[in-house]
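Below is one structure, written out as structure tokens; comments come after it.
Order of writing sets the labels: A, B and C. Residues in every chain begin at 1.
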Amino acid sequence: MALVEIRDVHKTFGKVEVLKGVSLDVQEGEIVTIIGRSGSGKSTLLRCINALESVDAGEIRVEGLKVHARMPDLKKFRQRVGIVFQAFNLFPHLKVERNITLAPLLTGRIDKAKARALAADVLTRVGLADKIDAWPEQLSGGQQQRVAIARCLAMAPHLMLFDEVTSALDPELVGEVLKVMEAMAKQGMTMILVTHEMGFARNVANRIVFMHQGRVWEQGPPAKLFANPETPELASFIASAK
Amino acid sequence: MRSFSLIDFVSLFAALRWTVALVALALAFGAPLALGLALGRISRFAGLRWAMAACIQVIQSVPLLGLLFFFYFGMPVFLGIQVPALIAVTVAYTLYTAAFLGEIWRGGLEAVKQAQWEAGACLGLSAWQQFRHIIAPQALRLSLPPTVGFLVQLIKGTSLASILGFVELARAGQVVSAATFQPLLTYALVAAIYFALCLPLTLWSRSLEARLDGSR
Amino acid sequence: MNFLPLWRYQNQLIDGAIVTLELTVISALAGLVIGIAGAVALKGRITPVRWLVRGYIELFRNTPSLIQIFIVFFVLPNFGLKLPAFEAAAVALSLYFGAYSVEIIRAGLDSIPRSQVEAGQCLGLSGWQVFRHIILPPALRNAYPAVTSQFVLLLLGTSLASQVAADELFHVAGFIESRTYRSFEVYAVICAVYFAMAMSFKALFAIIGLAAFRWPRRR
């Protein structure tokens, strides 16, 4: 059984059909990168996977559980699926430590005595152990994004979603975030990413999914997809992304 | 005792002219003063900035009723001369208006970026020309919503002149209420007239605000 | 100018100031409760309730506080609700302060971007946990300056209660004036007392603000 099963998902905003029947499986330990032009529905698909958006038709299952906004264990489910956003979305009124430990403490995953050690541990994994007592606003964009990743890691998720996590960063800060993600990939984390970073897609992903006009247009291993795109749409997308 | 009649109705509306007159006087004298205060608050001279800030702070930290009583009852005694009631009241409302508008306009002036002054200076404009043609129009746009909002406060504030015997709207209400023994009807009517004056301004202020937010 | 004749009235002045403070604090607390309830109602889904709250806000923001006090004091007795001066003023001022508070608190809650809520939900927090830990602290900070300046305006506005003879500071002023005929000195002193109280509250609020909201502002 695949970790994530997406079956014929449709989603409409107002009059615009953003997803027109998307099907996709993601196996445990797989790194799947979704690419495509803006408006192709890739971010919406990602947000559907952890029920930030509800699907109009079709279904999404994660670890066999059907995902929707009214699922009985939504909160438990979301603790197992981490998501990192384009705009970091750190909580500005909480120090880095508290940003990380708030959810584990409130959801009863850990007790107070272990909280700081947990924060220190995940911060070490993103290379920011020395920032444990900083305020988010004191950090650079790249550092904030790494803290956001650490915040997800603290929940020990089974699956991580990344929604254009480097798009809001200055170019010189992109590398440090990608390095952290690469390290996570090597440790076997299942990851689904929406990204414009073609280098990362090529070197780290197991599989590329090209979305176009609300559909999965073409997919396959990066080497094959980038070298021999089957559809003219993908070919022109790759050409324009260079 | 008599019943509430057309005369009472008319006298309430007639009292409106004092409400309007007080607002007009307060704005006529208060607005130029407010501009002076606002400019003083952004002046290069620290002493002037301080003095203006202190003036505004004092007036904003004293009840409007206190200002009115001070100038109406207190000042004539102190000066030892007869001060016409209208002048005393006008002074109080003028200071009140100057302090609040001054602070609002200072906010507007400060919200215009420093770079705009510099851009004006680079074009060889004098300080006054920079202010007049570059800064003031932008600041005016920014501070228009709160300025209109303050106008509502001022209109409501003129009701306090009733306490000093001015037969503006609120006072006319008291008179009519006492004559007709119909406080419910009278005060409801008075409130309704104020409401009809203020609501359009409030709504206007809010729509100006929304338009500013939209264009930002 | 001679302030000495006022000296023997210092006890009355202090008593008046205490009543003014009581009136201010009671009205502010009641008004904040109204403000929170109103803001929640405005965010709610029940349309008639939203209209009711909107109507309340507009009614109380667009009519003079003085008239509101008069209506509570002079008109409500016609309906069998006869309140003493202090209570009547407290009711009117609470409703007045409440009308402003609703807008301030609603604006504070609205200032928190939707993405913050989503980030909380995605970490598996409940609706209440998101509100309590993620929305509320920054919303409070954003509403704080407006609430505190409205509080100072309320403090000054309690002087209107003198017009229904609630024995607060301004009413005491009238009493002393009628005894001493020293209008200038009396109203100078009264204004100074209000000024001192207003400045003290501003200083207190500034200190509380610094202590409560320590995180750096967004750049």
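Keep in mind that, in the parts below, a contact is a pair of C-beta atoms (placed from the backbone, for glycine too) under 8 Å apart; a residue touches a chain by one contact, two chains touch by 3 or more.
This one's a predicted model, so the numbers in the text were calculated from it and none came from an experiment.
Hopping across touching chains, the smallest step count from subunit A to subunit B is 2. By number of C-beta pairs in contact, B-C leads over the other of A-C and B-C. Greatest Cα centroid separation from subunit B: this falls to A. The most central chain, judged by C-alpha centres against the centre of all protein C-alpha atoms, is C.
In whole angstrom, the spacing between the mean C-alpha positions of subunit A and subunit B is 55. In this assembly, the C-alpha centroid of subunit A lies 47 Å from the C-alpha centroid of subunit C.
Once the centre of each chain is set as its mean CA position, subunit B and subunit C turn out to be 21 Å apart. Residue ranges on subunit A touching subunit C, taken from their complex, read 50, 52, 75-79, 81-83, 85, 87, 89-95, 102-103, 106-107, 135, 137-138, 151-152, 155. Contact residues of subunit C toward subunit A in the complex are 115-116, 118-126, 129, 133-134, 137-138, 141, 213, 215-219.
Residues 1, 58-59, 61-68, 70-71, 74-75, 78, 152, 156-157, 159-160, 162-163, 170, 173, 177, 182-188, 190-191, 194-195, 198-199, 202 of subunit C are the ones touching subunit B in the complex. Of all residues in subunit B, those touching subunit C in their complex are 57-58, 60-67, 69-70, 73-78, 152, 156-157, 159-160, 162-163, 170, 173-174, 177, 183-184, 187-188, 190-191, 194-195, 198-199, 202.
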